[in-house]
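Per-chain numbering from 1; labels A, B and C assigned in written order.
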Amino acid sequence: MRTRLAVPLLLLALLAGACSIEDGGPPAAEPPVAERPDEQTPGAATEASPGSDAVGDGLVEGEIVVQAAASLTDAFADVAEAFSADHPDATVVYNFAGSQALATQIVEGAPADVFASANFTQMDVVAENGLVVDEPEVFVNNQLAVAVEAGNPFGISSLADLADPELVLVLAAPDVPAGSFAAEALEGAGVEVTPASLEVDVRSVLSKVELGEADAGIVYTSDLVTASDAVEGVVIPEAENVVAAYPIAALDEGPNPEGAAAFIDFVLSAEGQAILGECGFVGV
Amino acid sequence: MPDTAPAAAGITSADPGPPRPAQGGVASSRPRLPSAHVVLTCLAVLALALFLVPLVGLVARTPLTRIPELIVSPAVVQATRLSVVTSLAALAISTVLGVPLAWFFARRDVPFANLLRAIAVLPMVLPPVVGGVALLLAFGRRGLLGGPLEQVTGVRLPFTTAGAVMAATFVAMPFLVVTVEAGLRQADQRLEDAASTLGASRWTIYRRITLPQIAPSLGAGMALCWARALGEFGATITFAGNFPGRTQTMPLAVYLLLESDAQAAYVLSLLLLAISVAVLVLLRGRYLSP
Amino acid sequence: MTDGLGVDVTMRRGTLDLRVELDVAAGEIVAVVGPNGAGKSTLLQAVAGLLPVAAGRIDLAGRTLEDTTTGLRLAAEERDVGVVFQDYLLFDHLSVRENVAFGQRSTGTPRRTARAIADTWLARVGLAEHAATRPDRLSGGQRQRVALVRALAADPACLLLDEPLAALDVDTRSTVRRELRDHLADFAGPVLVVTHEPLEALALADRLVVVEDGQVTQVGDAATVARHPRSDWIARLVGVNLLTGTASGGAVALDGGGAVRVPDTDQHGEVFVAVHPRSVSLHRDEPTGSPRNVWKAAIEDVEVDQDRVRVAVGGAPSLVAEVTAAALADLDLAAGGDVWISFKAADVTVYPR
């Protein structure tokens, strides 16, 4: 079956039909683990009617270049679509890559209007170089979840279950954000694990589970939304989970400051937050 | 027509006239040559710069004073040790299997030889990540052979050093195969005939006649194979994953260290660079002279 | 002949159909001679086991090496056939000593013994001081000797030599030929030499087998073949005029037109007529005298070789005469002119075809 995330996430996804999650089958498949990840999920903002109140003051136009963390790829594509519906003369152009690479590019002078980072470390690099217009702002949170084989044959329901020595567990390397968050969460829960591999990025963790090479892996909830049917998600209880805050900022030397401001406003708007929520992120 | 270009080169031919007799053709075409040379030289320098500048950049950015300290850091040592082990293992397997394969292609009348050869050298042009995926689908837990293999022998390849060796072998062996095959084709087979008339068995002939003849090719093939195995990244990360001391080879370590300790990554890169240069020096007869 | 070599094979190489039957007794040296492309080397390789035969059998020293009727085919390394290849095929990565010891070592002789045997052979051909050098450092003649003793040191049951002198320059060739002749004479088994040089064959071999276009055209001892060639090719090479015709009493009607008077033998039917060029005289005016073959012919070519001159004349039949340079000056001969030729009937050899 498909990703069985917490109910609100699933409902959101089905409602909007966004984030390339295919429809089909009964929507309310009983989640094996039903803890809701986050009460703050902007479930109220579901009826995201385009052109609501969010960006009322004037339309922007031209190209808006956004340097965005790779984990935002699917979500931001939907964001851009909705944004363009509001601002027909504006085009959002993305450069998706690892946040570290993006930060380096910006510092080295890549012309961009907005930076959406997956962590504060890289945003700080840019900010310390005096390249942001205002104080960076958290626009979305991501949380960790356990990706397991469809059907959850090992019956994973908490981080503690990952300590099973029979289990092939993969994590992201501690050098990358997802890996350090996972390590943090495991440490917080007092769980000692013996991972088979420390993958270079979180997508590789997911693909190892999808391919059946790993029994479980710790990924972002947002990753699970677009994952294949071979995988399902197990929600990590709030108490054990870690919140990854994504900061966004307009860039000082960007050629389209109005566009940057409008884009950031849109991302922070109810509509933008709803789209991000559909894609597995946790709104702010 | 003929005398427009020379001005740029600063050499003007004496005769301005349009008639171009046979000898005049030589005279008026002469000024063109420098300009062509200038253009070609510029492009050549550009090409050289493309190779040189990154090397300079790497050396320049490496914290030379920190090298002694970084080079003995656990991460670097562990990755280096693993890389040496896996690349040498891959080289050994490639030699034991690759030389017979080269012989098979060079000496046997193989049906569909070109097709089989194309399959064998495919990893040379295949993106290594694709190779890694293919290896997973074949030797992974759910793979064509991986499942039965694990059931029967209990051996699991993904996430193990054996998997890293396999990935390295997969991408590196073709270099040995093509080089040795070329050597076998160049070798004078009549010397083998001569040896057989002296009563030498096939094994004796291969050992005492063929092998010495292809020794230069074999050496070059082994050096290339080893260098490729040492630099292997894509197939390893996909098939064997990344775990320090088990599957995290030097290139993987470089990639990850860039995120956390860039200077250590530079040092490791410099180390790999030095090894590559050493291999080139080893092969100098083959690639450094025209 | 239990110790000899018996060959009776047919083979096909490209467009060439090779059909050869020959025997070489132990201690005998037989030269297979013929023009390039006649199939000589093919035959040699078949005997060595380097090429399969289409049909037939090869026996050596009482052992069958190959027999297509039973499907028996011994591999080259099982045949005990030593080969001296045209370009020697020495192992340049091994020392001269290791080259010569190669055969012994390949058949299991301990290294030390094999080297001692090699050194003995090298001493015999005067190469003892070159034992440690690489063969590619040696001169052509020395390489030839290494190739020879490399084959001999393996203690073969028979020896095959493929154009053994072809790779040598003219100056060393005669020396090496003489040495080779001596070494071959010492060899107890059958020896088969392949060459396209009849002179070489005549010098080296007891018996000649002439192969042309895949077929044996003549077999005989050197003297017979030289005196009674049975093909144009061999006649030209041994330097005689060879004509064919039909004999009846003291005359032979030539196939190409014309007739020659021959010694009054009882030869009848199809015959060869051989006339040595030195027996042919040239005259400015019609010669007179006893029963002679005399006719006028056009000079086609004049070839000076030191103090001898070979003059080719056209007509039926065309002949080559060999005269002295002095005679040439007297006659004032030049191509294009006419000349009278004559030779005695007694100088003509007639033998059946």
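By our rule, a contact is a pair of C-beta atoms (placed from the backbone, for glycine too) under 8 Å apart; a residue touches a chain by one contact, two chains touch by 3 or more.
This structure is a prediction, so every number in the text was calculated from the model and none was measured.
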| item | value |
| --- | --- |
| Innermost chain, taking as reference the mean of every protein Cα atom displayed | B |
| From subunit C, the most remote chain by mean C-alpha position | A |
| Centroid distance [mean C-alpha coordinates] between subunit B and subunit A, Å | 39 |
| Where subunit B and subunit C are represented by their mean Cα positions, the distance between them in whole Å | 54 |
| Rounded Å distance between subunit A and subunit C, as computed from the means of their C-alpha atoms | 91 |
| Subunit A to subunit B touching residues, read off their complex | 98, 100, 168, 170, 173-176, 195-200, 204, 208, 211-214 |
| Residue ranges of subunit B touching subunit C (in the complex, touch as defined) | 188, 190-191, 193-201, 204, 208-209, 212-213 |
| Touching residues (chain side subunit C, partner subunit B) in the complex | 48-50, 75-83, 85, 89, 91, 93-94, 102-103, 106-107, 150-151, 154 |
| List of subunit B residues in touch with subunit A within their complex | 136-137, 140-142, 158-159, 237-238, 240-244, 247-248, 252, 255-260 |
